[in-house]
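For clarity, chains are labelled A, B, C and D in written order, and residue numbers in each chain start from 1.
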Amino acid sequence: MSPLTLWPATASEQAARIDMLFTGLLVISGAILLLVAGLLLVLCARYRRGSAAPRGDLPDFIRRDVEIGWTAATLFLALFLFWWAGATQLRASDPPAGALEVHVVAKQWMWKTRYPNGAREINALHAPRGEAMRLMMTSQDVIHSFFVPAFRLKQDVLPGRFTEMWFRATKPGEYRLFCAEFCGTDHARMGGTVTVMEPEDFARWVAAQPQEEDLPGEGAALFTALGCSGCHAAASAVHAPVLAGVYGRMVHLADGRTVRADEAYLRDSILQPKRDVVVGYEPIMPSFDGLVDEADLQRLVAYLQSLRGEAAR
Amino acid sequence: MTGLGEERPASTAGIWRATLPVWAGLMVLLVATLVGAYLELGRFNLVLSLGIAVAKAALVVVFFMQLKRPDPLLRLAACAGLVFLAFMFTLTYADVLTRAPPTQPGTVMPRSIPDRPAAGQRAF
Amino acid sequence: MSGITAERAIPGAPPREPSYLTAKTGLASWLLTTDHKRIALLYMAAITVFFFVGGAGAVAIRIELFTPQADLLSADAYNRAFTFHGVIMVWFFLIPSIPNILGNFLLPLMIGAKDLAFPRLNLASWYIFMAAGGLAVYTLLSGGVDTGWTFYTPLTTAFSNGNVLAAAAAVFVSGFSTIATAVNFIATVHLQRAPGLTWFRLPLFVWAIYATSIVMVLATPVLAMVLALIFAERAFGIPIFDPLRGGDPILFQHLFWFYSHPAVYIMVLPSFGVISELVTCYARRRVFGYNFMVYAILWISLVGFLVWGHHMFVSGQSLFASLAFSLLSFIVAVPSAIKVFNWTATLYRGQIVFDAPMIYALGFIGLFTIGGLTGLFLASVPVDIHVTDTYFVVAHFHYIMVGGAVSALYGGLAFWWPKITGRLYPEGWARFAAIMMFFGFGFTFFPMFIMGYLGMPRRYHVYPEEFQVWHVLASAGAVILAFAYLLPMGFFAWSLIWGRRAPANPWGATGLEWQTSSPPPEENFHTPPVVEQGPYNYHPEHAGPPALEREQHQPQGRQP
Amino acid sequence: MSDIAARNAALRQPWRSLRRQREGAAFGIWIFLGSEVMFFGCALLTFAVYRSLWPDAFAAAARETNITYGTVNTALLLTSSLTMAAAAEGAAAGLRRLTLCCLAATVAFGIGFLVVKGFEYQEDITKHLVPGAGFRLEAPQAQIFFAFYWLLTGVHAVHLSTGIGIATVLGIQAWRGSRMLASPAFEALGLYWHFVDLVWVFLYPLLYLGGRS
């Protein structure tokens, strides 16, 4: 990059819209600034001490009408800008259905990304041009912020919850990724690269990534290692529900409710087992809150999901 | 501004006559809120107990804190905090109540945090 | 450009009567004084020290950022430097500066009172401030704190290895001082006004200090509580914002910004008051739209409480809340615009004199306009998402708080220097310093807008090379700015000994504070004034010799 | 005659009249109380948000508090407000005996409150209701409830202790005669005391009455 860049690279649909809004704001505020500065200079020159310009009382219309006039004008301008900015934001708020979903986990001081097929990267994100990509982000420690200037996008990443953002890249190239929320010692070094590729190249790249052991397989290992199988196996002495095929089924709870055993339900049941106890069982399961981290949870849930087919057989 | 110290009871008996009924009212409300807490009212338990708290506060403010005296300055000062508190509650709840479910706290468990007190991470 | 100082100094002034400065002597007469004027000087001494301490942090930051690598400071040292710069400058310089120095000194004088309503509380407030300052300096000496001045959880509560507890305690204690001063100011304005001084005859500076005090009283306790929560969580491990136990770090941000956005108005509203006094005096004109100016001040202090969420557009706050806060933020821009327009319009048909305070005031209007207009960018949700947490924001708030508040502080100090000390500052040097401050400021902070939009994140001690040119520009500008700050300290100090004696009203100004001698006697007025007119009773029609002109201006008050 | 002398002795700079000075004191305290409203309001907002996020954990946690102690303390504080109101009125009316007796009673009720609170704290500690390792309830969010329980009652106790201290000093000064009954300090103390009482009036239902039905 040349040392005197004045405008950042524009590489997403949203970036183009924000640039337009930004330019509009520049023009409007530039005009206001020129007006104020011009008035100041002209008035200072004309009414400097001892100049020949006439003084005396102000006419009534200046005192009242002008004041009301510019108050109203400012208010309308403010409301107009709100409408423009708000509309721009609302257009971009919901991700399109079928967006490619990538999980992002932030920790001091790195970014970890994981693609749907299990490929993983650190401090890097690859994205196909022209396709929507949705990032589901969470943090393992403090608040970070995922910031790609070329996309004009930024979203804080918090521990204990997901935040999401989406974009559709428009221009192949390599762009900077920053952490924008101060996160401790090496905040300034918590960055990486976002690479936008042509869709074919992206497909080739993803396929070529080393495939890690599949999530369900890792989940199965955990299921044994954490002792889940001790109770939830069919032959167990402890009275606990058998989990084969539970995913996606409706289950009846002890308090009379019926819920679908979806991903959220499974997560909750691992972390807060006392909350939604299935009818006919005692609330004896310990909480695994703090014992399993987010990645482990994803593995376990993936394993339980994989059992669906088994039960159908 | 109206003066202070006017229309005030000047005798011991007068003072008790002015204050004891308020105290009695407060005690009645205390019993009421205690009983109310054990009634099965669902969400309205909170409404009831806070309503009674507001009533008690009103008694104290109006009679003990002398806001019944027609001094606009003091009334203004007394209301200012409440008005801004209302702003704070409204706008904070405008966020908390409209967040998408995955962005509420407690959706994901972060990895246990190293150099913090190991307090309560394990509930068993 | 003809100055009024040179012509105004009255040769062979009458023998000086005892002033508040000379009425009593000895260290105890200063440290135990309940005289608001002396307490103002105590604050001035303390705040000057903190300005240097906070400034040292800025110097370290700007030197480090000269190159993209970490040369001077390690990552941790840099984090401590900017945190300390922020904490000291916000709570120990900007927030107390104009209210506690100029406000303390001028408020009773401007309303014709003998003192503030609660003089002993005023002194106590200074001691609390000093205790807080001591804690802040202790924080620095004990290794500093590396959380940023915003103290975001859970970094602050669980991860930071700095001395968070001491820093939080320092800010917490300083809050008591702020609240005590504000209570004092509000009660004074309500109950100590001179006979005839109705609300709409108050100078705008008094209105500004009054509105600021309301903001202080209602916002500071929220900061105090939220710091207490942080303190408890870090010190005793009780979970409040802990995500492991269902806590919500965003809630912390709501509470923090509920204080910290109004805090911006605590810093800038008093400047509005100062600028209104300066512009009217040097344009020799009644302020344009006095009532609108008053309503604008009150409107800002009210709506200023409702816009805090614009700091949180990327925090994970709901879109609905973001849009609501965005609308309110655009609306709060209106009264600020009114003020800028009205100052400009005050110049119309004036007799403008370009003395140093006026140059500071004109510089203020320019810088504040840029700062305010870039506020529109930050109120727009999509643009803010891109530029928040970048140097764009850094530039924006420095334009408001440093370009604005510090220009007003220096302008106000120069303007009231004769009243405070009884000496005239050297006009030529002061004009030079004022012009230098304007340009030095522009060189330092304007490049930050550009690199902010390019994507340079804030709080980075190492950065990609493409930003270096802008950082070098900013650091070079900072050198000019530093001289512009130091120079007035030099000539103000010089004037204490060699400056010419000031008459009671060297600028021919109309405020009540100019109706008493310079420096004022201990009891402020020999005979309590009675007010019969509105403020700013200037008459630009006549541009005669200054001495004549002074008599033509009806003073606001009269001695009965 | 002594009344006028007393009034003059109570008048301070920069006030022009005692009446105005009294109004100033009351107004100053009211502004300060506005600030205190925001102080406690901030914590109550945090509490309210968490209560709406985790209603079950908060109800379960609230059941663990000792309602007997809480109720007794509420009664004690409300009664202390009665005596404080009588003391302030008595001082304004120049009734020395009433003022001194009622101030003493107020201080006694205040100390009584703290003593009961001490027993309650002790019980809470033995019942493992301090957030952290070994906390008694399982839901992690219950710890947040108790974080607020300790924090709010603690901050309230600090306020109350301040009130007790000031009341004691004023009482001794009035008894010795070094402070005139006409001084605005009594009314100011009264306002502060009632405010501390009001804080408890709201803490009581929030901390003790939840989840009882």
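Heads up, the rule we're going with is that a contact is a pair of C-beta atoms (placed from the backbone, for glycine too) under 8 Å apart; a residue touches a chain by one contact, two chains touch by 3 or more.
Quantities reported herein were computed from a predicted structural model and do not represent experimental measurements.
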item	value
Farthest-lying chain, centroid of Cα atoms versus that of subunit A	D
Top chain pair, ranked by how many C-beta pairs fall in contact	A-C
Subunit A and subunit D, separation of their C-alpha mean positions in angstrom	45
Averaged-CA centre spacing for the pair subunit C and subunit B, given as whole angstrom	35
Subunit A, residues touching no fewer than two other chains	141, 159-161, 163, 287, 289-290
Per-residue multi-chain contacts in subunit D, two or more chains	20, 23, 27, 31, 34-36, 38, 41-42, 45, 49, 53-54, 131-132, 138-141, 143
Junction residues of subunit B - those touching two or more other chains	73, 80-81, 84, 88, 92, 96, 103-106, 109-110, 112-113, 117, 119-121, 123-124
Topology of the chain contact graph, where touching chains are joined (line, ring, star, complete, other)	complete
In the complex with subunit D, residue positions of subunit B that touch it	1, 3-5, 8-12, 15-16, 18-20, 22-23, 26-27, 30, 33-34, 36-41, 45-46, 49-50, 52-53, 56-57, 60-61, 63-66, 71, 73-74, 77-78, 80-82, 84-85, 88-89, 92-93, 96-97, 104-106, 117-120, 123-124
Subunit B - residues contacting subunit C, complex	73, 80-81, 84, 87-88, 91-92, 94-96, 98-100, 103, 105-106, 109-110, 112-113, 115-117, 119-121
Residues of subunit C that touch subunit B when the two form their complex	154, 157-159, 190, 214, 217-218, 222, 237, 239, 243-251, 254-255, 258, 305-306, 308-309, 316-321, 324-325
Subunit D - residues contacting subunit B, complex	19-20, 22-23, 26-27, 30-31, 33-38, 41-42, 45, 48-49, 52-54, 67, 71, 74-75, 78-79, 81-82, 84-86, 89-90, 92-93, 95, 97-98, 131-133, 135, 138-141, 143, 187, 190-191, 194-195, 197-198, 201-202, 204-206, 209-210, 212-213
Complex contact set, residues of subunit C against subunit D	34, 108, 113-119, 179, 182-184, 186-187, 190-192, 217-222, 224-226, 228-229, 232-233, 237-240, 242, 244-248, 251, 255, 258
